[in-house]
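Mind having a look at this structure? Questions to follow.
Letters A, B, C, D, E and F name the chains as they come in the text, with residue numbers starting at 1 for each one.
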Amino acid sequence: PKTKYANNNVAGVVTGLAWTSMGGDILFIESSMAKGKGKLTLTGNLGDVMKESATIALQFLKAHHDWLDLDANVFNKYDVHMHVPEGATPKDGPSAGITMLTSLASLFTQRKVKKNIAMTGEITLRGDVLPVGGIKEKILAAKRADIKELILCEKNKQDIDEINEEYLKGLSFHFVSNMREVLDIALSNQKVKDALTVQ
Amino acid sequence: PKTKYANNNVAGVVTGLAWTSMGGDILFIESSMAKGKGKLTLTGNLGDVMKESATIALQFLKAHHDWLDLDANVFNKYDVHMHVPEGATPKDGPSAGITMLTSLASLFTQRKVKKNIAMTGEITLRGDVLPVGGIKEKILAAKRADIKELILCEKNKQDIDEINEEYLKGLSFHFVSNMREVLDIALSNQKVKDALTVQ
Amino acid sequence: PKTKYANNNVAGVVTGLAWTSMGGDILFIESSMAKGKGKLTLTGNLGDVMKESATIALQFLKAHHDWLDLDANVFNKYDVHMHVPEGATPKDGPSAGITMLTSLASLFTQRKVKKNIAMTGEITLRGDVLPVGGIKEKILAAKRADIKELILCEKNKQDIDEINEEYLKGLSFHFVSNMREVLDIALSNQKVKDALTVQ
Amino acid sequence: PKTKYANNNVAGVVTGLAWTSMGGDILFIESSMAKGKGKLTLTGNLGDVMKESATIALQFLKAHHDWLDLDANVFNKYDVHMHVPEGATPKDGPSAGITMLTSLASLFTQRKVKKNIAMTGEITLRGDVLPVGGIKEKILAAKRADIKELILCEKNKQDIDEINEEYLKGLSFHFVSNMREVLDIALSNQKVKDALTVQ
Amino acid sequence: PKTKYANNNVAGVVTGLAWTSMGGDILFIESSMAKGKGKLTLTGNLGDVMKESATIALQFLKAHHDWLDLDANVFNKYDVHMHVPEGATPKDGPSAGITMLTSLASLFTQRKVKKNIAMTGEITLRGDVLPVGGIKEKILAAKRADIKELILCEKNKQDIDEINEEYLKGLSFHFVSNMREVLDIALSNQKVKDALTVQ
Amino acid sequence: PKTKYANNNVAGVVTGLAWTSMGGDILFIESSMAKGKGKLTLTGNLGDVMKESATIALQFLKAHHDWLDLDANVFNKYDVHMHVPEGATPKDGPSAGITMLTSLASLFTQRKVKKNIAMTGEITLRGDVLPVGGIKEKILAAKRADIKELILCEKNKQDIDEINEEYLKGLSFHFVSNMREVLDIALSNQKVKDALTVQ
């Protein structure tokens, strides 16, 4: 419960929000690629449901490659590795879905992720964003970590409405219902420094 | 128990009916494809029997590709991913069989699924539709979710006959005995917007 | 315990006999094929011993392809899927062996299975048919399901001799000791309607 | 405990001896082949140690292919399936080693196994035959099953010496220390009827 | 708890620090390569989290091959085996991350690792070094093992500040925040004797 | 506890020393090869740590193929099977490391192993030999089995020094610290009879 927002210098790194019995915290989704054949490797002590989220995010990106001006074949030419620090902490659940999608989108486009933004939300294969639990704890953790903007499912708006406004100062919210909105909000048009040529 | 029928804009998305100790609910089967070699990926916290249903549905479609004017080779040219939200809920049992079949049929043909329709029924490899349990709870959930039409196994008609007619108002039923009937009823002749060219 | 004999219109579908703590019942072995590389997929909530029976049946057919005028290479050109409804019921044991063999033989030859016939018996890799348990319960279930003819291992004849003749009315029995007899009895010379060209 | 010696008409079928808490019995090792790529499939409810015995037997045969005038490449051109009836009985232990070796040797050479012979003994990768347990019970079972000749490890001779001679009447023994002796004794020079051309 | 620093004559061998209920100790990460296809083999009785560290280290090196003047394709031309003696001791946790990274970097570049240096720290896929536990015990073990220099995460500096200065005599510390610093400090510019030509 | 040293006529067979709650014993490592693609098969009821030892030994040999005048490519042209009799006895631990290395070295070079020699010691991937436990019991077992020479880790010398000299009569010891010494001592320059041409 003391992680801080880092920076947005590296493609594929996105800030999410976690919620455990210990309270809320931010977490990072980190994706990296190497020439390969489309294999997806997942590390970070992840449970089965969280691994499924990564699979869904990657398939969604494949199916909507045109949204990001990606060539459909690019996904079979790289192996992708997604890691969620810290390795000693077991993690599970579907709530990192939109964070994983954004991570992969940033990786394949080499576009920067917007600064000081964090997000939490389940994804579906058709592109809907679903609400998740622990919103209050996650919001408090986001503030402590210097997050300024948050992406949440529109169905989680009611959870925000129940939080004392005092706690929300300095935070702006994006309530979304589908993954296109997530990508439009989260991805900067600027590429990272020393961007790879992904093709 | 508060999911709503969404829409039929996306190919491969079909509304099914679930029944748990918590009561009935609707669920969605979502299928997506990408250029590949015929691999089937299943997500959504599915048990072994539910995974088997997806395998049977895909094999049935392969064996009856001519029903839908599909080329037999098309199944070896795409990887298919089938997901059943929500990821945190474990799901099992054979009752999503006809929903999965319809999902795959819609995906490969890119034809729309009929509006406001839901279905539940086990499938067999020879094409029969078998009855399933929890019909009363599933029907009530369907109504709450704005479903108008239901496809059920003809052997489940007796379960409907036992329900107070009051509860059935506004619902129309299709009682089927084989999978051809399911596809004839569920699939619209209209393609989805921006339909893929599957070949 | 209320399944009925269906029909013999589909290649690869054969009626077997099951015996559980709930009594006897008929069951169906359903096999389907698709262009592939010789993979065998098994569904229906099957235990390891029952899965082994399917493997033995397929290997036996490969080794004796000439019995059925099949080309030896045909087995490497198709993937086979064998399913045993109903998916929610766990099944195990070796007694479906001859039913599985007949199912695969019907599938690859596209020959009809004889009408109103059912069978139960373990198979060996050398082609012997071995006796199985639960004969009395299985026979009673067969009658209820409108079965007229039964194939049993000759070593199960003694189990039939112990059953009150009253119960056996309308049933005729084939007692066999090897798999060639099974195929000679069970397979019709007539092909199914719209038979596939398997080559 | 009522299995009988069958016959030696089929290549790859050899009679072994089993010993369980229920007493001794004979068992059959059955091997079958099909054009393939060298895959070994094992069925019959076998434990890990018994599966290892089959692996050792196959590797030993590969390494000593010249003993039987086999081409070294033949092992990569066929898939082998080894089955040990009866499927419902779990089996384990290393004592079927020489029986499995003889089965594979008969299969690849298509030579008959000597009539009314049975055997039991562990094998090693260098070709030694090791002693096994339960000799007394196995011998009694062999007699009941009409076995006339037995192959045992020479280190099991002491177990035979302790058996009342009365029980040994009509049995002749081969005490061996290596696998070449086993094959020399067990394999007839005569091929089976309708022998395959293995090449 | 009596292992000694060895030497730096072999590429791919790096000294790490372990911490168990028995106290601190040094451990060695040993990597070796052979012509192959990019497979990573891990031995040494490693738990899942520790295996994940090796995967992350290898992926990080692939993604930053230019740092070490390595060709991107070289990783697909060799199989890598990483071992952590002693085999009888189970090991787990993420703290060997920077040690594993250094081991792989030394292996692929064939550069010597600096003499009498040890390190401990978790790695992330984006290249950050994270703090680890057991610093006091690890430091004491390092001294006993004749280590002179230590690489630690800068966030572990506070743990050092709490140790009695008496115990730190003869030790110099490098506090790092990212993996580039680790490699700059740990890798000598000198190649090992009889260095392989890795290409 | 009654195994005897056998002979050194077969390449790939080496005598090791085991230590269980039942006391010490000798054991044999047997390796065999066949034309293949570099697959390593392990049998003999081995635990994970013992399997890892075999993997390390093979990798070490690959990395140091020049020590034995072996071509680097030879390892990808053969499948290796390593077996440790007796199959019914579970075995584990790292102490067979140097025995496995010697077995593989003898197999690939087809050189005889020195007569009446046995060994025990853990290996590391960099080539060090590590001490192992149970030395007293292993030495006593070696004498009973007619072993004349022993290879041990130099760090196990202290265990020998504690044994009553009476028990050591007739035994000579080689205390080694690395794997090159092991191979120099254990491998004869003479090839086995009917040596294979490994290339």
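The rule is simple: a residue touches a chain if its C-beta (ideal position, glycine included) is under 8 Å from a C-beta of that chain, and two chains touch if they have at least 3 such contacts.
In this text the structure is predicted, and so the values were computed from the model without any measurement.
Simply put, subunit B must spin 120° to overlay its Cα atoms on subunit E, rounded in steps of 5. With each centre defined as the average position of its C-alpha atoms, the distance from subunit E to subunit F rounds to 30 Å.
Subunit A and subunit C have Cα centroids lying 52 Å from one another.
Mean C-alpha positions place subunit C and subunit E at a centre distance of 60 Å. The set of subunit D residues that touch two or more partner chains is empty. Viewed as a network of touching protein chains, the structure reduces to one closed ring of chains, two contacts apiece. The cyclic arrangement of chains, read from subunit C in the direction of subunit D, is C, D, F, E, A, B. By the touch criterion given at the top, residues 48-49, 52-53, 55-56, 59-60, 62-63, 72-73, 75-76, 93-94, 97, 122, 124-128, 130 of subunit E touch subunit A in their complex. Subunit E contributes residues 6, 10, 12-13, 28, 30-36, 41, 43-45, 81-83, 85-88 to its touches with subunit F in the complex.
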